[in-house]
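There are two complexes below, and they share chain A, which is joined by chain B in the first and by chain C in the second.
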Partner chain A sequence: MHLKIPDGRGFKSLRARLLFIQGMNVIMNNSGNFSLLDHQLIPHHMVLSEKEAAQVLKEFSSLQPIEKEQLPKIKSTDPVIMEIGAKVGDIIKIIRKSQTAGEGEFYRLVIE
Partner chain B sequence: MTYNVPKRIKEIRFGLISPNEFRKMSVTRVITADTYDDDGFPIEMGLMDPRMGVIDPGLRCKTCAGRAGECPGHFGHVELIAPVIHVGFAKLIRKMLRATCRECSALLLDSTQKKQYLSQIRTLKKMEQPIEDITNDAFKEARKPKVCMYCGAPQLEIKVEKPSTYIEKGNEHDHKLMPSDIRVRFEKMTDDDIEVMGINPKNTRPEWMILTVLPVPPVTMRPSITLESGQRSEDDLTHKLVDIIRINQRFQENREAGAPQLIIEDLWELLQYHVTTFMDNAVSGVPPARHRSGRPLKTLSQRLKGKEGRFRGSLSGKRVNFSARTVISPDPNLSVGEVGVPLAIAKELTIPVNVTSRNIDHVREFIRRGSEKHPGANYLERADNRKIKITDKNCDELADTLEVGWKVERQLKNGDVVLFNRQPSLHRMSIMAHEVKVMPNKTFRLNPAVCPPYNADFDGDEMNMHVLQTEEARAEAKMLIHVQENILSPRFGGPIIGGIHDHISGMYLLTNGKNRLRKEQIIGLLRSSDIQEIPEPAGEEDGIPYWTNKQVFSYILPEGLDITYTAGICTSCTECKKENCERDAYVVIKNGQLIHGTIDEKGIGAFKGLVLDRIVKDYGQTLAIKFIDSMTRLAIRSIMHYGFSFGIDDEDIPIEANNQILELLKVAEKKVMDIIIAYNEGNLEPLPGRTIDETLELKIMQELGKARDTTGNIAGKYLGIENAAVVMATSGARGSMLNLTQMAGCVGQQAVRGERIRRGYSGRTLSNFKWDDLGAAAHGFVKSSYKSGLSPTEYFFHSIGGREGLVDTAVRTSQSGYLQRRLVNALQDLEVQYDGTVRDTRNMIVQFKYGEDGVNPMKSEHMKPEAVRKIIESVTGREIE
Partner chain C sequence: MALSEKTIDETTKNLSLPFSVKNALVSDLKKVNVSKKELEEIIERIMDIYSYSTIEPCEAAGVVSAQSIGEPGTQMTMRTFHYAGVAEINVTLGLPRLIEIVDARKKPSTPMMTVYLAQEYCNDRDKARELAWDIEATHISHLGSISTDISEMTLTIDLNEKVIIHRNITPAEIAQKLEDELGVSIVVEDNRVIIRPEKESYRELLQLVKNTQNVTLKGIKDIKRVVIRKEENIGEYVLYTEGSSLKKLEGMGGVDMTRTITNNIHEIYEVFGIEAARNSLIKEATDTLREQGLTVDVRHIMLVADIMTVDGEVKAIGRHGISGEKASVLARAAFEVTVNHLLDAGIRGDIDELRGVTENVIIGQPIKLGTGHIDLVAKQNPR
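Moving on, here comes the complex of A and B:
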């Protein structure tokens, strides 16, 4: 997906603009291709297949069966969701780094 | 009428109640202000009409045939001779009068505007959003036109005299709008116009805001009390209703007799006053109606409003039985899991015991002691549910007739589990289960080591105690909320119960350095700590065996405890000498023996205690409780053994130290002057991101701060580490070196919002300073120490700084209290499920793993992920990174 890359023209001083462009270059890895997923603060997102999604729901149904609507939600307009091309109704798996747990798994249901 | 027909509520509609509705729900019209006749019977169509419900036992309600207690009461009504305004709607009436035409009552907006507002309101309503903004806008717009766009009538300005008088400003003279005039105007309004003004025309007509009928509340709502003298005393509401009906009658008589307009208006106003105060006796601009004794009457609004009102006082606030409240005081000889209960309270509070074949003899003893000799019994419930009070006279007889299946309410005795609580209950440790220890005198006694979780001190604090009434409750309390289960705080994964104040000073005095103690001395120290046998002496001197101070502390440590850390007294030297530390700050405990180091706040203190932390986590809570008990007792014994006192002369410093401090402050003032001169000459280099003025202030503050700290160091040097205040500050028992600096050295800069004091007269803080004086003294630098005393100007500046601190704490507590309330309300229904997820009541997943990592913070190591490292270290015996 192509985003219009801002050139920092809104800044008043040249110094601020230079700093901004520098920052943008860091994000874009100096290549001009900008992907949100490359950013270090964005955790790993992935779309689950139907089989995997069913597996996830089963995992959290040990006490009583749950529907996917009972999972936390994420909007389909979320930048990362748009980037990975998930559709409404998909279940997203997010793997975040944690100081205490090493890695944590999170699931989100994509909604409108 | 039957009350037990189950009904389902389909919807609730809010609106105004119409006069017809009032009449329909009324069981009688009230026409006379009298209550009872000469024989003491309620008068028909009077204020106490028996159709409005009964309060006297034995009588039956003439409407529902219910007895007193069964009959809920029924409304009556009074037909008001002239309409009056309902004060609660005075503001809305004002707004509506100003927004509508005085001739045709049309809302003064053109039809397109009306349509627009209407559609906006309807969509907002559909979305269940508030419509206030739209209606307020409509009111504002409709007030503007000077001429009605529908009938062409010129509009007049409407003035309001609080609370409910409306005056039309005419060209020549003003005209008072009577409630009847207003009612006529409101009657003419169309449903569409009403809706634009934010009123639902289906439920409400605006003219209903002006009362023509007044409902009379049921007798059950305003019961009269019969005094001992046989005289009846009526409720405040009844008094108010009497007033209303009397005026109403007088009004009618005068009008029928054709009294002059002036008298009619006076009576009308009086009726308005009585109806107003009947609903709200605290309206501004209206003198409150008073009782004969001069006490303001408690009318409808006063019954609901405020702290003691129906909502906060009766519905949200509950009083409970089996509870006690009194002042707390310390008793270090109690275990932390105990609470000292005054005998008088123990005799009053009871625990129900079911009599069985196994405990009948035991229970019989309680009854035989009666209710006066302490562990006795107060009540007895027979198998037929009859309750009998046990007295000195009948106790023997009752004890003999006691049968299996009865219930006995026995008095509180030692070992019973009770809940102990101190408000504000901010975290779960604010309520803990303790074991009762019945004691003489009138205060609750608790071990000072449990003060931190309750945030209690003994300057007059009171605490509550609740006696558990069922076996299940007692079991639950013992297993979940007993003090023992709450040594570790789930807030930070460390002990919240532990040594405070003298415990820490005492331990410091005992364990610092190496001392030799004789046999009598160690027995004296250890006698209160459950001693079985004296340990092997450390050595012999002149044929007399001696023990070391470290041995004494080791005696209360569990066997096999290994821990090494730097104590709180460590000054973080550049190169740590470890075991050879001259301050004895490197603590080494091997196999339950203190080998090196001083035990201070970091060892045994609440919140920080590392030794305590290790014992709870490695040896269990039961042993930890024992450790805390013997530790506190040993500490108290030690502080008494070594002696510890603090007086005013402990702040004395020698003259040379004083001279040094004076010299230093003089130099600092000189430096400040130099900075000011540089500033005035424009030679001051601004700091990055600061203006020159800010730089000046910053540099002066820095210089003066440095000066104060240096005076502290000088004072500290001369006071020496033996000084009691220094011992308390370094060991972490109480106070800080800063407190000492201020007492012995120099109080320092007084600040308001982090800046030097600038407020006061124009250009100067006080009139004895020169204008634009930027010097230290003119802006709140206090050179004196608390010991030497402050000069008048210093005292004044100090008060300014002190006041700010006071205001800050007051604001902070109220704000954080409200924040906590909102958080608790938002999160109270979330629950950790057995599969580790956190879910709400709809079974929606909030967290996939509790805390997103599944860690129980109570069992974590001070919130750091170090558990694994600790385990590996303890198994391999090696230190790892």
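Moving on, here comes the complex of A and C:
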């Protein structure tokens, strides 16, 4: 489960906060709600920071420089993108399970 | 002297090898004792073999994929409607299904869901059965017989008591639902529901019969049938549905949404996103080919799935999709509807950059593939 706990909820300690999250997860699991990101067809998506994004582009630029617009795309309306809260222009790193390589990295640019 | 696990991890960490190869290498290295020198030789040889097994630069990967899927495709049965391992549910298979997948149809001809159940449901046949009735669309024709009385101008439904108990629905619930949907007055007498049309006319009454039959009393509208099966390999009850509607299933208790899938790739794209759609494309295409006893390397199918999903939406291969978006006018004209493409390009004054293969074949230039992609410059010896 992935939960966003709003800041300033007034937990006395980190432990209290963790217990709260745990409790919420139990409630949410029982009520039949599920997080989209847990689905077995959906690989792990993560938003790259600007620094990481620049690093990725540099890695792909060994033969000739590339822009981020040349990366594969993902729409900002994509359910997963809305769930992780990425913005247009972000680069998303996707860790795919691959039948041939075991695991593979893939990058997509968030577009309108 | 044997190397420690830490040294092995560190030396192999930065090798540019696929995840699975690297894992196998590391775990094997840890089992046998190797010296530093041996380790270096092992890595060197593996890197040699690996680079030898990768695709050559400038190889026409797309054409190889197209041929590798196309040739086994010729051996597929033209028209198969099979009960694909799944009891009683009709699924399109063979060539029609493969065409459906690469055409990225909005709706497959036989949509189907595989619904996995939550922990407390998956081992209990009765609970699974109950859930199945909640999912399957129940119409009035399932529950009893409809008769019209012309002299009284009424429509009478005689409910079958057994079926009603079985499907866990009461006459009052049925009446309520019909009233909400049709907006007519309804009287319930035991297991009999009597409906009176608003206006007393024969036509109105006949229309009412039709409308009554179309009302979904319980369950999800698009799901015509649900079959329960115990999957021996996982030891759980799994529901197979005729018709597909992931969105409506989402709020339902007892369904394990993290495993539930559909064969409608567009629906997967809308509910789970583009990466899930890609995975689903690969799965559906592989399953279709395997069912026909054909083995196609998954890399070819992965390439097709990748090209179909590269722009963030599921695109068809073909005139309305990938091939219709080629930059070159000549390449598009060579594929389908030649005249239209040439005419449009002429009106717009398009320019063909002649970068692709097809257009260079047409005008008789060397194509940029394989050795044709490399320019050689001779170094002149100064005499």
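Basically, the second predicted complex is superposed on the first by the 79 of 112 C-alpha atoms of A that agree within 3 Å, B and C clash if a C-alpha of one lies under 4 Å from a C-alpha of the other, contacts with A are read in each partner's own complex, and residues count from 1 in each chain.
To be clear about the criterion, contacts are C-beta pairs under 8 Å (C-beta built on N, C-alpha and C of every residue); 3 or more make two chains touch, one makes a residue touch a chain.
Here the structure is a predicted model, which means the values were calculated and not measured.
Enquirer: A:Asp38 contacts which: chain B (first), chain C (second), both, neither?
Expert: second
Enquirer: Which partner does A:Ile81 reach: the first (chain B), the second (chain C), both, or neither?
Expert: In the superposed model, A:Ile81 contacts chain C only, not chain B.
Enquirer: Would you sort A:Pro72 into first (chain B), second (chain C), both or neither based on which partner it touches?
Expert: both
Enquirer: With the two complexes superposed on chain A, say which partner A:Arg108 touches: chain B (first), chain C (second), both, or neither.
Expert: It touches chain C, and chain B stays clear.
Enquirer: Answer with first, second, both or neither: which of chain B and chain C does A:Gln99 touch in the superposed model?
Expert: In the superposition, A:Gln99 touches chain B and chain C alike.
Enquirer: Look at the residues of chain A and decide whether chain B or chain C touches more of them.
Expert: Of chain B and chain C, more residues of chain A lie in contact with C.
Enquirer: What residues on chain A does chain C touch that chain B touches too?
Expert: 72, 96, 98-101, 104
Enquirer: Provide the residue numbers of chain B that touch chain A in the complex, in ascending order.
Expert: For this pair, the touching residues of chain B are 833-835, 837, 842-846, 848-849, 852-855, 860, 865.
Enquirer: Taking the complex as given, what residues does chain A use to touch chain B?
Expert: 60, 62-64, 66, 70-72, 96, 98-101, 104-107
Enquirer: In the complex, go through chain C and note every residue touching chain A.
Expert: Chain C reaches chain A through residues 18-21, 23, 118, 250-255, 257-259, 261, 268, 270-276, 279-280, 298-299, 302, 306, 309-313.
Enquirer: Chain C touches which residues of chain A in the complex?
Expert: Against chain C, chain A makes touches at 31-32, 34, 36, 38-43, 45, 72-75, 78-81, 94, 96, 98-104, 108, 111.
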